[in-house]
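Starting off with a structure, shown below.
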Amino acid sequence: MNFASDNAGPMHPSVLDAIVKANTGYEMPYGNDTIMPRVRDRVRATFEAPEAAVYLVATGTAANALALSTYTNGWDAIFAHRVSHVEEDECGAPEFYANGARLSLVDGAGAKMDPDSLRHAIANTGNKDVHCVQRGPVTLTQATEVGTLYSLKEIAQITAIAKKYGLKTHLDGARFANACAALGCSAAEMTWKSGIDMVSFGGTKNGCAGVEAVIFFDPEKAWEFELRRKRGAHLFSKHRFLSAQMEAYLQDDLWLELGAKANANCARLVKGLETVAGAEIPDAPEANMVFARLPRAAHRRAMGAGAKYYLYPSDASLDGPDDEMIRCRMVCDWNKSGAEIDQLISLLRG
Amino acid sequence: MNFASDNAGPMHPSVLDAIVKANTGYEMPYGNDTIMPRVRDRVRATFEAPEAAVYLVATGTAANALALSTYTNGWDAIFAHRVSHVEEDECGAPEFYANGARLSLVDGAGAKMDPDSLRHAIANTGNKDVHCVQRGPVTLTQATEVGTLYSLKEIAQITAIAKKYGLKTHLDGARFANACAALGCSAAEMTWKSGIDMVSFGGTKNGCAGVEAVIFFDPEKAWEFELRRKRGAHLFSKHRFLSAQMEAYLQDDLWLELGAKANANCARLVKGLETVAGAEIPDAPEANMVFARLPRAAHRRAMGAGAKYYLYPSDASLDGPDDEMIRCRMVCDWNKSGAEIDQLISLLRG
Amino acid sequence: MNFASDNAGPMHPSVLDAIVKANTGYEMPYGNDTIMPRVRDRVRATFEAPEAAVYLVATGTAANALALSTYTNGWDAIFAHRVSHVEEDECGAPEFYANGARLSLVDGAGAKMDPDSLRHAIANTGNKDVHCVQRGPVTLTQATEVGTLYSLKEIAQITAIAKKYGLKTHLDGARFANACAALGCSAAEMTWKSGIDMVSFGGTKNGCAGVEAVIFFDPEKAWEFELRRKRGAHLFSKHRFLSAQMEAYLQDDLWLELGAKANANCARLVKGLETVAGAEIPDAPEANMVFARLPRAAHRRAMGAGAKYYLYPSDASLDGPDDEMIRCRMVCDWNKSGAEIDQLISLLRG
Amino acid sequence: MNFASDNAGPMHPSVLDAIVKANTGYEMPYGNDTIMPRVRDRVRATFEAPEAAVYLVATGTAANALALSTYTNGWDAIFAHRVSHVEEDECGAPEFYANGARLSLVDGAGAKMDPDSLRHAIANTGNKDVHCVQRGPVTLTQATEVGTLYSLKEIAQITAIAKKYGLKTHLDGARFANACAALGCSAAEMTWKSGIDMVSFGGTKNGCAGVEAVIFFDPEKAWEFELRRKRGAHLFSKHRFLSAQMEAYLQDDLWLELGAKANANCARLVKGLETVAGAEIPDAPEANMVFARLPRAAHRRAMGAGAKYYLYPSDASLDGPDDEMIRCRMVCDWNKSGAEIDQLISLLRG
């Protein structure tokens, strides 16, 4: 009963199979394996972007930091939401890779950038001649860190603001599949057709062992990216094992299928949570993650039986009045069984 | 017939099996998986170092750059051989991770540091007060980039010089197993018993998909290393797949067995090369790599039949006089069959 | 009539004289001049800190960035007010010098850190294990960027919060003298006696040409600072001209006298502004800087006659309705004459 | 009798006068002073480069590091002579400013790059695809660190090699004036007419207190340089005092006159040294610096009487056999009197 994160689950059998199959004989290293050209083609087809530059790395943080750094000078600000992975969970990797660039924080409900807040942040950056930090790229997260979604229109609104200032846009798609499945749109619609310039296309949280594609719709800086990836020590010699994962992940739109499954699992979980006495679910979850407030006794029962998920604050105690409400986060990946979800609900209900 | 590099081969079946087995259910992410404590114990046992700090990363460049940076200030010099991976093949990753530190190059035959050259390099660094770059760690590669070995005595000689100046020592062990097998010594003897403070213990080139252990015999900077690893985007969420590889690699000293096999394969290759008319093998190979000079016609036959290995210069043409000698490098991993080696020899002999 | 900034004025005659006198014969370079030991002694005496490490640089940004970087890892956050020089006016120098560290912004009225806001910022940093940026030093500005002052008690309150978390504290004293004169306290009281660990002691804005002292009350990292200063290209060969300025500046507490004069000039200016019809001065100025709202017509008259100061927004037009209020900033240095101030007032009054 | 360095002497009276004159009233800060446009024009006229971007900083290390960083990526190598200021005396400032770029060392007699050595260094960089450090700018020093000179033809030869590879060229002109005076050529001839793209034009060692001009003949990266200067904390608020120095320095070619004087002083010194019994002067000095080997007794007499200059090794003892030869370096600036030189010679001769 691990609902702690979608990075706690296993690989999808097809992805594992691909690794097994790739483990045959010799392959040239460092991205020159025979699988990678097919991966490149498939990513391009999936994104309807025949010219895109496509690279693989093994962690989402590497994808984000390397992609952003390619379009960020050391004296630039990267515009990111206050509640975003680059700000909260990467130990300063964006600043490290971008030579000391700054994150300029944007507000907005549901971890989604408010257009006015973004406009304000951009207007107040780079407006004092040489004295201040200059304007760099805008990065948004889809699905967000709290499981909400930008609509296509909202993405377009954000990117339009960036474009007005001539800024590049990046989409942190660690949960790209969940978002795409929930919106029912195409990968192209959620990215370049909505004004996105570069994407971290996540596989790790959605059925892979550790692979993310970095996609630049304009390949002008492809070579620079390759140098940055190598210099950051993120170019794999046995690259075929990254390629194999990604190939399986894209095959027959497995990525989308798994994203949809994770969302469905979460919906089932939410439905169950609504039946827990006293439960409060402030925001209707849109992807594969739910935040809820539940009585302490419910948490005590579930966690006592081995359920894993996060409480807020993180040091919240299970000792105390039964009725006191404690906030929690639960995440579903594609691999959750209905039985496991039902078991959790059953425990929470008592 | 791929003799290009030991990073071109597959995983050992045991390593693959471990990945398959690890793909069950849920594991806490970021190094908190249930396999990692066993890996830590096993590394400590293997190195007879019960206090050692042990971490996993996925590339050799990450292992080297992160380990070195932990003991290098931006204004320090890292002493490395002119022919070393950190100097030649990492696109400046050590400088990037160590905030602009400098590589100070040491000479010596066979890609091994000459003690006098090292002494000279150290003495000429940090000797001009605040004006010059200061003295940082010494890194040596075992087996070296050209397949030679430091004897235990030679390692001790190098580390003694470093210690005299109070400098830390690092061993780049991308081919640790090959060296250890060839020397017939223990992992402890080749490292801390010879004065080494930190090790990049390679798995990738020797039967793994992508895993290297960073080992600090003194754990004082363990927490700093963890921050550096995360910030460098090298902390895997699905870390269990790194742990699994390393566990299998250490089980029953598989690492050592594979290192010995690769060396034996290379010995067989060398024996065969000696029968190629005109072949010159200047240095007796000590590990799993051989440099030879062969007539162009031999290369033409082998490469024409699909054999892969490197020529020097890298743009050497196969068109030209048959008898002209062209230098080449051939590397064996554990997975070479006798038949494959014999086939190559047969082609070269014509 | 230049009221744009206190960095627009001349050197005090005594400081210029010191430069002239220092221009005799030969002096050893790079801080080994014969004046510097006297400067060191005088700074130590002024701050009642006989063990302090004392260094000179030529710009306030260098003083701040170098001092902070000495106690900041690349993965740390520096806690600074949202309205501070390090955040707004140094083009990311702190991040550059501190290897990509982050500024964590603290709120509070009058550009002064609110203790709760600081507590909150610290508590929300470094609280997610290895995943997040860690806690670094706290820097506060005295006098602040908007001319307000922390009382001694307020400084102590801020530093107590920092100490509780084991964090170092830095005081950006570009306008140290103005603050000290206004508070009527000693240099020691405003710094280490209130819990400050390191100071940028400004001379440039208060009668010098370009010199700032960096003071560490605990000299443990003195050598590291020297390396950072040199590596940052801020160690002057003809250092005597920095030493000479600082010696004159400290002689007979000239620094304090000039700070007091600047404050008095500003008080006179404020008194005059209060007589301008329609003028609004929301906050009583505490040092040498005033923010006021004045009718456009007043600005038009003053600026038309050559007066220089800043309007907000910076592109505010002088064309438009006479009565519309436009915000402005006026700064006085020690060198303003009463006549000049009165002339400005006279123009504003019309 | 200070012959230790040309950075140990005073300002020329005209330069000091300019500072005194500049100390009048108010000037807009940060390079917006009224003197700077005249300086820009004069530099452009002096270098016959009407489009050049011209900036002032206060130290030679800042000039070099900032100029080079503007054309160097973090993954690039800067080609510099093994005996150069950027390599030996800047504590890694080039690497710091260029985000961890590497210095690739070139050999050659007399601290001058040997064309073959440069060609070799360039050819062996950037030749291993993404794995190795890439080719960055070439920097040469004129006059060199050992007082020798590149002829115009030699400069052109070096820059032609750089151009062949599409690399930018930088001239470290800390002793630009000495070189220009000795060669009897124009500033343009020694720079862009010989293929140089950017120059650190030194004032500090030749009669100024602390000012260097950075000149880009192609201004395409002017704005980036301004950001780098500010971010490096090298933009002076009271910039007028840098402008004033440089204006006086350029007035009536004072720079050239002082360079010639320093050279003449050195020639007189050399002539005298040749009369010291046992003296050996291996290379005929070409600018304002001489390396000689003199008997210990001569050093003992001179240094005992207070003469200052450097011995090699730097810890050479004055105690020991009278006849033993000890190497030394003596530097003359423009300000040396004939009497002072003669006194030194007299002491050395005994």
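A few remarks follow.
For clarity, chains are labelled A, B, C and D in written order, and residue numbers in each chain start from 1.
To be clear about the criterion, contacts are C-beta pairs under 8 Å (C-beta built on N, C-alpha and C of every residue); 3 or more make two chains touch, one makes a residue touch a chain.
Source: prediction; values computed, not measured.
Using CA-based centroids throughout, the chain positioned farthest away from chain D is A. Two chain pairs, A-D and A-B, are compared here, and A-B has more C-beta pairs in contact (counted per touch definition above).
Here the spacing of chain B and chain D, counted between their Cα centres, is 42 Å. With centres set at the average Cα position, the gap from chain A to chain D is 52 Å. Averaged C-alpha coordinates give centres for chain A and chain B that are 34 Å from one another. Residue positions of chain D with contacts to 2 or more other chains are 74-75, 90-92, 96, 99, 130-131, 134, 227, 230-231, 235.
Contact residues on chain C toward chain A in their complex (touch as defined above): 74-75, 88-92, 95-96, 98-103, 127-128, 130-134, 314. Looking at the complex, you find that chain D touches chain A at residues 30, 73-75, 99, 130-131, 134, 224, 226-231, 235.
Within the complex, the chain A residues that touch chain B are 2, 4-5, 7-11, 16, 19-20, 23-29, 57-62, 65-66, 90-93, 96-97, 204-205, 209-210, 227, 230-238, 241, 308.
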